[in-house]
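Each chain gets a letter, A, B, C and D, in the order it is written, and its residues are counted from 1.
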Amino acid sequence: MLQTIQLSKSFGGLPALRDVDIEIRPHEVVGLVGENGAGKSTLMKILAGVQQPTSGSLRRDGVPFVVHNPREAAALGIGMVFQEQSLLPNISVAENLFLGREAEFTRFGLMNWRRLHAAARRELQRVGLDIDPGRRTAELSFAARQMVELAKALSLEERVRGELVILLDEPTSVLERAEIERLFARVQDLRNRASFVFVSHRLDEVLALSDRVYVLKDGSVVATLPAAEANVTQLHRLMVGRALNAEYYMESDQAPYAPEVVLQARGLGVVGAYRDVNFELHRGEVLAIAGVIGSGREELVRSIFGFLPHTEGELRVNGLAVRLATPADAVAQGIGYVPRERRTEGLVTLLSVAQNITLANLDSVLHGVRIDYGQERTLAEDWVKRLHIRTAGVDMPCGSLSGGNQQKVVLAKWLTARSRILILDHPTRGLDVGAKEEVYRLVRALCRDGLSVVMTADTLEETIGLAHTILVMRDGNVTAVFDAVPGAKPVQLDLIEHMV
Amino acid sequence: MSVSSGPSPLALPGRERRALYRARLRAWAPLLVLIGLCLLIDIGNPRFLTIANLVRVATAAAIPLVLALGTTFVILLGSIDLSLEGVLAVGSVLTSLLAANDANSLSFGLAVVPVAVLAGALIGALNGALHVGFRIPSFMVTLGIWFAGVGLATVLLGGGTVRVLEPLVRDVALTRVLDLPVLVWIALAVLLLAWVIQEYTPLGRYMYVIGGGEDIAALSGIPINRTKVAVFTLAGAFYGLGGVMAAAQLGVGNAMIGDGRLFPSVTAVVVGGTSLIGGEGGVLNSLVGVMIVTVLANGLVLLGVSPYLQQAIQGLMIIAAVAVSIDRVRSAIVK
Amino acid sequence: MRVPFAGFSAARLREFAPALVLAALVVLLAVSTPGFGTPETLLVVLADTATLFVLGVGLTFVILIGGIDLSIQAVASLSSVVVAMLVPRLGYAAFPAALGAGLLCGLFSGIAHVKLHVPSFIATLAASGVAGGIALLVSGARAVTIGEAGRAYLQWVAGSVLGIPAIILLGAMVLVAGMLVQRYTPFGRYGLAIGAGEAAALASGVRVDRHKMAALAVSGVLASLAGIFLAARMASGSPMLANQLMLPAVAAVLVGGTAITGGVGGVGRTLIGALIVSVVRIGMTFLGVNIFAQQILFGAVLIVAVALTIDRSKIPIVK
Amino acid sequence: MARYNPAMTALRRRSFMIGSGGLALAATLGRNTGLAADKPVLVNSIRSLTNPYHATWNKGGAAFAKSVGCEYVTLVTEGNSEKGIADIRAILARTNGNMVLNVDPNDSPDARPIVEACVKAGAHVVTQWNKPADLHPWDFNPYYVAHISFDGVRYGEETANHLIQAIGGKGGIVALGGILSNTPAIERKAGLEKALAAHPDVKLLDFQVAEWLNTKAHDIVAAWITRFGSDIKGVWAANDDMGTGALEALRAEGLAGKVPVTGIDGIKLAVDAVKAGEFAATVSWDPFWQGAMGLSIPYHARIGAFDPTKEPKLHREFYGTGILVTKENADAFAKEHIESDPNLDFNDLWGRISGPIRQS
């Protein structure tokens, strides 16, 4: 019923989708798998009207159609659960559920809150969420917000006549088992009048829920196969273009780390976030922290960079106990932070490549109090060469670079700041496969040069692939520690059972 | 205050629960400040908390409240409206020139009220149109309109002050209903209206939506530009009404009648707990904010504080009031 | 962000838009009123713009980090009072004292803004109340005249060098210093970074708080320098001396093309902006624009000028 | 933020029309050059036209200019000293100094640079109200022709005395002052204090500053009524704007006419209030005269009708004569000064000298 014909999309010359043809049949659950940057989210966004294709077309029951915004898409019965949430924190849950549809709940131009809340409560119950729809959305837990997103998309059901298409972009990544069960149940109920596109990193889930699976790689469909006949390893091979072998993460380059401890946590904790975390980060080691959102890993990482000063225990850098009250303190201790929010926290997009590279250590190009522009330029050009940063010049604004190159600029910034400990917060989010491999290569190289890395990754594969050591957290506690030396790496299920 | 009572937040993990309690308590801070202030002043001068004086405080707060309500809506969007004094001047001048007065023979009685309000609305609409149409920051547009508005008032007046003789208009300030001047009742009515607009109309909700995240608002198909223009128009209308009220209270129309009213108005809005970034706060916050600012001014006179010191003390008190009601956790970035 | 080649020329044009507007105004005036083009007149214009410009420079640093400083006129007045009262006693030592007072006011706003998280709009508004109160207090609430004896100390501002009013040269120094500071010092660089992306600056270990405080302090100092200019030209100080100078200063900064949201703009632009403001003002006098209409015209010109000069491509969402 | 800002209105039905015509006039840019080039340009520099006091001042200037057939220019400072001085410099440049200036400086410090600029350009100037005490016309011969002011102490005292009289010589009064740094505000307060010293039975309950603004005065008086209640027998205000603001606050409490008020400036509202028995007294400076004679004196000096350097100091720096308006003369005053433009003898240069300026 829904078809894409030769769909292509590129950002700033960088292709994200190439001639994608997919087809969604009535009452069908279509799985969509692929590496980050394979184009899954882009494809979903085009279907939902958030983005417009560069070329190619959409068809519904064979009829071409165009959607300029999610509203038009919704009118056609196409709804989406966004991966990065589309809820406003400062208004109530009910308002978010029916954002843009207030008209349906007004009498004589006035909002009828009772009706709105009743309707909202219905939608929430459908996804088994028992909260007051009048609550400020900001007051909800992340998982709860994800369920609200879901309810918002599913609420299409009574808005639109006829067949629905509901796009689920990573709906499960932050959900607990029970919630996932409920989600699956809802999907099954709705199948009689809706078809779904289901995107997830958890391949087992995809296989469990879907009828057919499309595999995307580097923006094109590389395979379509019935879920019944597929298995996880097979999917993975198709996704990464090679067997799930150690080499993807360059494990052969994973040198054993040196004995000396550069960062040490003893009974570290932040009241209400996480508690009693102990670890030792050695020179050249990659320490990965795994755990679902809300497990406390985000907070732990932010503590190590001074965003969220620890309230319990102690943190030692090179053996000396430190208190990191601000990021500046952390930087002074030789810690660098590669954030997941690259464009807001990683770079000042209006500033040039060179200016960003020296941002964390302006002293390196300072003569007295004077910035030496010549020196800044040479320094920047040197990094551009060494990290193969693709840019029209070091004075181009960083906003004009592709994600991968931006990420390299961020790394260059910390290398300029002579950081010895790098915190990689979802370092490959939104990068295409090529860029990812470069990041992996860089991580390996850095470790060889004696830097140490604390990492939280998008996927468990990545976590396992890159790490020397893996810290698994749940509800603010460390539930397991795995050694991940090449050859003897744990498998995803080992981690998951300690995560949820 | 804009706190939705949910089920006990105990369902949440500890960190979020604590943050939630903090946020909810903060939302009430301005009110606590106001109460504390009143008690403090009353200790200094027991006459403060007497009906008679509270009525006077209410009277003094009436016009600032109407103005602050207009400002609130604009600030909820995350924009700012500096044209207040200009619009107010035009409103008062029109009132004085069209109602029975000592400068010309015109006498339209209470019909001047809608005229002045409409004039204000038009200027407000101009603000909005220029802001949205040419994508000029509201700060700059309204700054220009501020100058232009005062200029226009001067032109209309040809210099000078016109005395309002229309009894119906004067009665707004002079007659009392249930011990409260009509002025106060008007302010309360406007407050109610503003509250209804904020809580019960899509327009009101869109203010929060746009203030909370213009990009997401756009994705959800919210008519952003139309909303913005509407809000500036509304603000203008409120200022126009403020002009009428000022003319009624002082019995004159005058291009300087708005002098020194803008910054107190913005201050009141912020002190009430409405964020300059937009999306947080509301008209009830502004009610509290206006009361804080008015009570402070009234109190300093009651306590007989030296004129030299008054503005300094007010400054310090304002900082204190804002400091306690600001959420240092959420507002990591303050501009 | 600017697209490499596509919008390049357009962007370049934007860079110069304010200058073009100014040039257009000057030419228009010079043509329509013979008296205007003469060097004497132009010197007068420059001399009379100096104070506004110096106020604007301080304000520019604050607006660049996305803040605003509403205390400058109170601070300038305070400093004029300090100068008027101390020059007879301390001679030249009075000027550093005045600058010190300005610095303190700036730090006061800074602490309220940074430590107490009070929006700069409110913090500086409050600071102006405090500064104004102090000015009233110390001056006994009256204008303080600097006697013949004291005036010798004012010549470095009020006098002239080779026929050029000294104040112009001082303004030029502030311009050069300002531009150097902005381009070549960490203070300038961090200011730009904070204005364009505070989160990123913070996450890069920039001491954002300190720089915000520093920006407000600089603004305070320059405001008091402006106060010194006023005191010197009028040979006296008064707690009201700088009244009504704040809004024109804000207008000057924004008309110059500095974005109220921060991150875009600079001291050079503020010079253009200040000149536009005063040329328009004086120009209306020259043209003999009806006095009743001048303010309306002024407001309109401000809006038009900004409409022509702001670079919207750098401001994603216009608030 | 308003500066000393007295107001007296002579608005008649016409003025609304005139005003709205202003825009049209504005459209016709380019100044009117129909007048003989050798004649000096007559310039009035005042705070703004938003207050009736200066509006009337402006009328006086225009009337005089018409009588001698010179180009007339009005400059306004908008309360901004820098702008005021800048505009004067600009007009000096435009006229190459062939002009006479009658200026009401925005603040006393402004007078010096203004005078110096005029002397440098060779333009004749008269200052009014505000100037530094040590700035004297005779130090700038011949161009700084004269400084005119009015004795704030004297009239402050006179209005205070009328108030005291009105309350029967005893009881409490409250006082509203103007912006503290303005000379008139200070002088008038001094006058008030003199009167109080002479009447020990009258107590000054409180003195507050309402910055010349009726709005501020209104709220302060409201608070006072709480603080002092019926102890307030009378309200003294340093100008009529504040006085009328106070009156409205009293009216709202039903006290108008019961608690007498005095102001200064003699604006129409105040005169009406005097007629109605709500004001005990006010004083008029006759801004029409100020606007006209402030030009006439330097004009005659420029055309050589008299030589300033030969005039006695009393003619160079003097107090003008104010007109005390009380119930007795209110109607007559209104007829002469408000219902019609006063017709002055522009050649009677020194007629209103009431005495030399106190060197305080």
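Throughout what follows, a contact is a pair of C-beta atoms (placed from the backbone, for glycine too) under 8 Å apart; a residue touches a chain by one contact, two chains touch by 3 or more.
Note that the structure is predicted; figures quoted are calculated from it, not measured.
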item	value
Chain pair, A-C or B-D, that carries the greater number of C-beta contacts	B-D
Approximate Å spacing (C-alpha centroids) for the pair chain A, chain C	45
Distance between the centres, which are taken as Cα means, of chain D and chain B, whole angstrom	34
Between chain C and chain D, centroid-to-centroid distance (C-alpha), Å	32
Whole-Å gap between the CA centroids of chain B and chain C	29
Shared interface positions of chain B, touching two or more other chains	150, 154-155, 158-159, 308
Where chain C touches two or more other chains, by residue	136, 141, 199, 292-297
Sequence positions of chain A contacting 2 or more other chains	none
Which chain pairs touch, all of them	A-B, A-C, B-C, B-D, C-D
Complex contacts: residues of chain A adjacent to chain B	50, 69-71, 86-92, 95, 99-100, 102-103, 106, 109-111, 113, 131-132, 134-136, 138-139, 141, 270-273, 294, 299, 475-476
Touching residues (chain side chain D, partner chain C) in the complex	1, 3, 19, 22-23, 25-32, 49, 73-76, 78-83, 85-87, 89-91, 93-96, 107-110, 112-113, 132-134, 179-183, 186
Chain D-touching residues of chain C, taken from the complex the two chains share	32-33, 35-36, 38, 40-41, 44-45, 47-48, 51-52, 136, 139, 141-143, 145, 147-148, 230-231, 233-245, 248, 278, 281-282, 285-297
Contact set on chain A toward chain C in their complex	305, 326-328, 330-332, 337, 339, 341, 344-351, 355, 359-360, 362, 366, 369-371, 392, 396-400, 413, 417
Residues on chain C engaged by chain A in the complex (per definition of touch)	1-4, 183-186, 189-190, 192-193, 196-197, 199-207, 263-264, 314
